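Note that the chains are named A, B, C and D in the order they appear, and that numbering of residues resets to 1 at the start of each chain.
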């Protein structure tokens, strides 16, 4: 039975999302507890799956009982359960927050739609993490694209529509690239299953080099657009800053990462290593990631809107994940992967904290945040922890990922990238810390009349995430142990 | 659209279209077609009806509530059938191996899960088309009112 | 049993103030008296906890205990050897006195509720740096102390303070990142960053050189070494005086401590000598000494002058360790003691004056010595010690440093020391002379706008006594060449010369 | 088929710049035409190398369609192989497609009703 749990959790999420629109009138109040219990169940399942995979190793699941290459296969390995754990935990915490915040940002009538989209987004991301089949990957990619657009545009203002439209166009372009790539791979190998494709590709290189190259570049472009790797990031600041705060937290924290994890799987499990000797894909990713790290930080420095700043910072941080992929060493990869979780924790926490500030004081502009720390000490305290983690102060989890990335770069004898990491950390410090400083010290502003009290239910998730940032800064052992097995691909 | 010719023709055509849609859905496992195609035919028949008569008339035949019930119902149906495979001790969405396959190939009631899944897909596609059409046209109408 | 007890002593010593800072934070809402008392009590208990480790360490033992591992080969651990102890004991001693001093000083300032918890927390993290068992733990506490002490720097929350604080913060982060780079390089090269493994890097090369440079930047930033000193003269004067005393007297020493560890544990003497990296430090140290002393001359603001003087004095300490021989090291460690005592005396005395008169400009302090004889007396002692007048402790440390320089065959540095002493004299003596012998004519001139109000008296007892104790300590440690501090310095130096091994 | 990473990154950056940032004008037109030629060239190279459409020896003619075509009726009970693939062999993908429809309509409706 426990082997069915991965597919059951996807089915459960889908089922819950189908049921959600049916909850009408009286039953509407049940939507939130229902959503939370489903998310909680999935989170529990993901923890159990980690235990399962740790104890009995990776296993594959044949949906419909058909063995690959005929049927669809889910492959539950360490990376998949890791991603599933990250996704479900952050989603759960963010939803606890969103329960109150959303009423402030979107209309009550569309709340159940929001839950639907949210559950679908989680389901599709888990699907992307678990699947071992190119076409299933594409299908879940579509679901995640549309639902991600949905949770942006659901807010009732014009910016959101524009932003999500931009996102939709580019994201669908990305999906199209991926689809074309999948079709090409299928054409030259005759399989869709990762393992079978990987088996066939080495022979196909000689025969169809341009096709493989084209498929690879389509995948890279497609996934880069979706995960906002540097030159293709232009949709991200608008989309992530205008969305409701819980959406921003999930989008920045999780959605862009899952595509990075997907391309990681494709690169290391599907495409043969010989290909990388001819085509320096990893170097290309590495250069782009360096550009992303620098450009994201520099753009973030000039932002006035706090959520926009956080969004640009995400561009820099996704660069770290890709740097881990591009460096292609065990330790660097470990750093990149652990940064997925670490950044998910801190960025969702920062977005939620920003959301709290917007909720309580109605302020978005960084200049207006002066003195906010005196009024909202816990929120800004959490924000400060997130800021420190972004800079990579030891004792926060941001340090752990930077430590591994830097060591990984040194392992490969490329200290240049350590310099890049440090420089980016410095830039992070330059734009994050003044916010914290201004919030706590300096000019005192008398309380505004519009100041609202922060409900505990919104504050607790932020504090939980902040505690996570500290906890995993001191105790990253379990996560790293899991990932060390995950990178033995 | 108060044209008598259109109305009469549609009144005659729509049942045939719907029957054909159902036929395509039910014979998905025997002949070209299936849930997607049949559902689209079914949905377009209802769209045609609503276009030729009146939006309200269409809504009377198939209300928003019902439509959204069908919408979700199609998906729930699909997943429940998938879970049936689990309940029978096999994998998710397993057909014959779980003992769901019945009937001889070529007969109408054969293929087990396939038949049921096609039905779910058909309902889903039809209601999707219909709902989308309705909401978009209503949106235009209300937009016009404001102006 | 004894070993187990002593293994937990450092943890207790570090964690107790950190824990108490939270208690103080909570208490401070209830009662100000209790808050003040608790802060002093914490500092006193911490001092005695540090002191309690002495018998064990004096017996030649080293406390070395790994608490837990964060990553393989990278954990949180404590290690107390004689060097750690020397720095910890002087820090907690000064801290204790400053805590007593703070009670009255802060009673007129705002934000005491914030000041005391941070003050005590900084004590914990500072001791954490000294008692860290590996560079990672050291780094944690280093960053913790640097970031937390930001709050002390900007305590006044004036525009000036905030600007200085921002500069401080950015420089701290740059230093922290350099340190991070250095630690990561060391880890990469040696596989560990523990302090108890003996020499970590034994071969020269590009990466070891990068590590050395990064360490130099990281710790040099904290120590106010040229050209990374730019934050120091801004940040130290704007802080409240007790905090300035700690920043200048103690926290700068964390950088010196780190450099000592780098020179004698990460690298070793032959390697540094062979590669000529010591020349980098020597040159920078000489520039730091001369620059600090010379710029101090031009400062009108009393605390700013003291801050620049700190830059110069840190130059001595860097010079002492870069000479790489035992005599110089004795002088070096002893100068850490001396400078901690002298500079805290000076800042606390300056604080008392500012607290009483509100005057910061040196030209306005005519005749202050007659009004506040004890405070100015202590100031004078410390200033004379700074110049290096025998028999004060500053003389002893300079003398030993000079001997070390001669032993190293570099009399040039003796000249540098002399020039610097001369400059010290040039900028300290006018203050003293004006304080005791000036001011009559202005007093007769009636109400001078910037002059000292005529009703000024000695500051509150709880402020004067710590100043007096520190001033006396300057004499005591200078009068008796076989004092406790000098003994410690001797043992530390021989310990360090043996590459950090007992 | 050596690919220079610098050139690849350069082309990507140029593309992003031209498409997203460059204001409309003469230069943009020229550059777009240039880029379209580059992409077009790559695509032509790709297409010219593709296996002949419908040929028997294409890689896609392997065990997968063999089993689908040969054994679908007995294994699934469906005579129509396409349906057998869609709703049995790869029913999970079809579930995904159903969800795509659903999510599309939910996203559209939430958008419409949000105003």
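Definition applied: a residue touches a chain if its C-beta (ideal position, glycine included) is under 8 Å from a C-beta of that chain, and two chains touch if they have at least 3 such contacts.
As the structure is a computational prediction, the values presented were derived from the model and not from experiment.
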item	value
Chain pair showing more contacts of the two, A-B and B-D	B-D
Central subunit by CA centre of mass proxy	A
Approximate Å spacing (C-alpha centroids) for the pair subunit A, subunit B	36
Chain centre separation in whole Å, for subunit D relative to subunit B (CA means)	27
Centroid distance [mean C-alpha coordinates] between subunit C and subunit B, Å	80
Whole-Å gap between the CA centroids of subunit A and subunit C	45
Shared interface positions of subunit D, touching two or more other chains	88, 91-92, 95, 97, 99, 102, 104, 109
Shared-contact residues (touching 2 or more other chains) in subunit B	71-72, 75, 79, 82, 92-93, 95
Set of all touching chain pairs, with the criterion as stated earlier	A-B, A-C, A-D, B-D
Subunit B to subunit A touching residues, read off their complex	65, 68-69, 71-72, 75-76, 79-80, 82-83, 85-86, 90-95, 97-98
Residue ranges of subunit A in contact with subunit B within the complex	4, 7-8, 11, 14-15, 18-22, 24, 61-65
List of subunit C residues in touch with subunit A within their complex	69-71, 74, 76, 136, 139-140, 143-144, 147, 150-151, 154, 157, 162, 165-166, 169-170, 173-174, 176-178, 180-181, 184-185, 187-188, 207, 210
For the subunit A and subunit C complex, residues of the former touching the latter	388, 391-395, 400, 402-403, 406-407, 410-411, 415, 418-419, 422, 425-426, 429-430, 433-434, 437, 441-442, 474-477, 480
Subunit D partner contacts - residues on subunit A that touch it in the complex	14, 17-18, 21, 63-64, 66, 69-72, 106-107, 109-110, 113-114, 116-117, 120, 123-124, 127, 133, 135-136, 139-140, 142-143, 146-147, 149-150, 153-156, 161, 184, 186-191, 200, 204, 208-211, 213-214, 217, 221, 231-232, 234, 278-280, 283-284, 287-288, 291
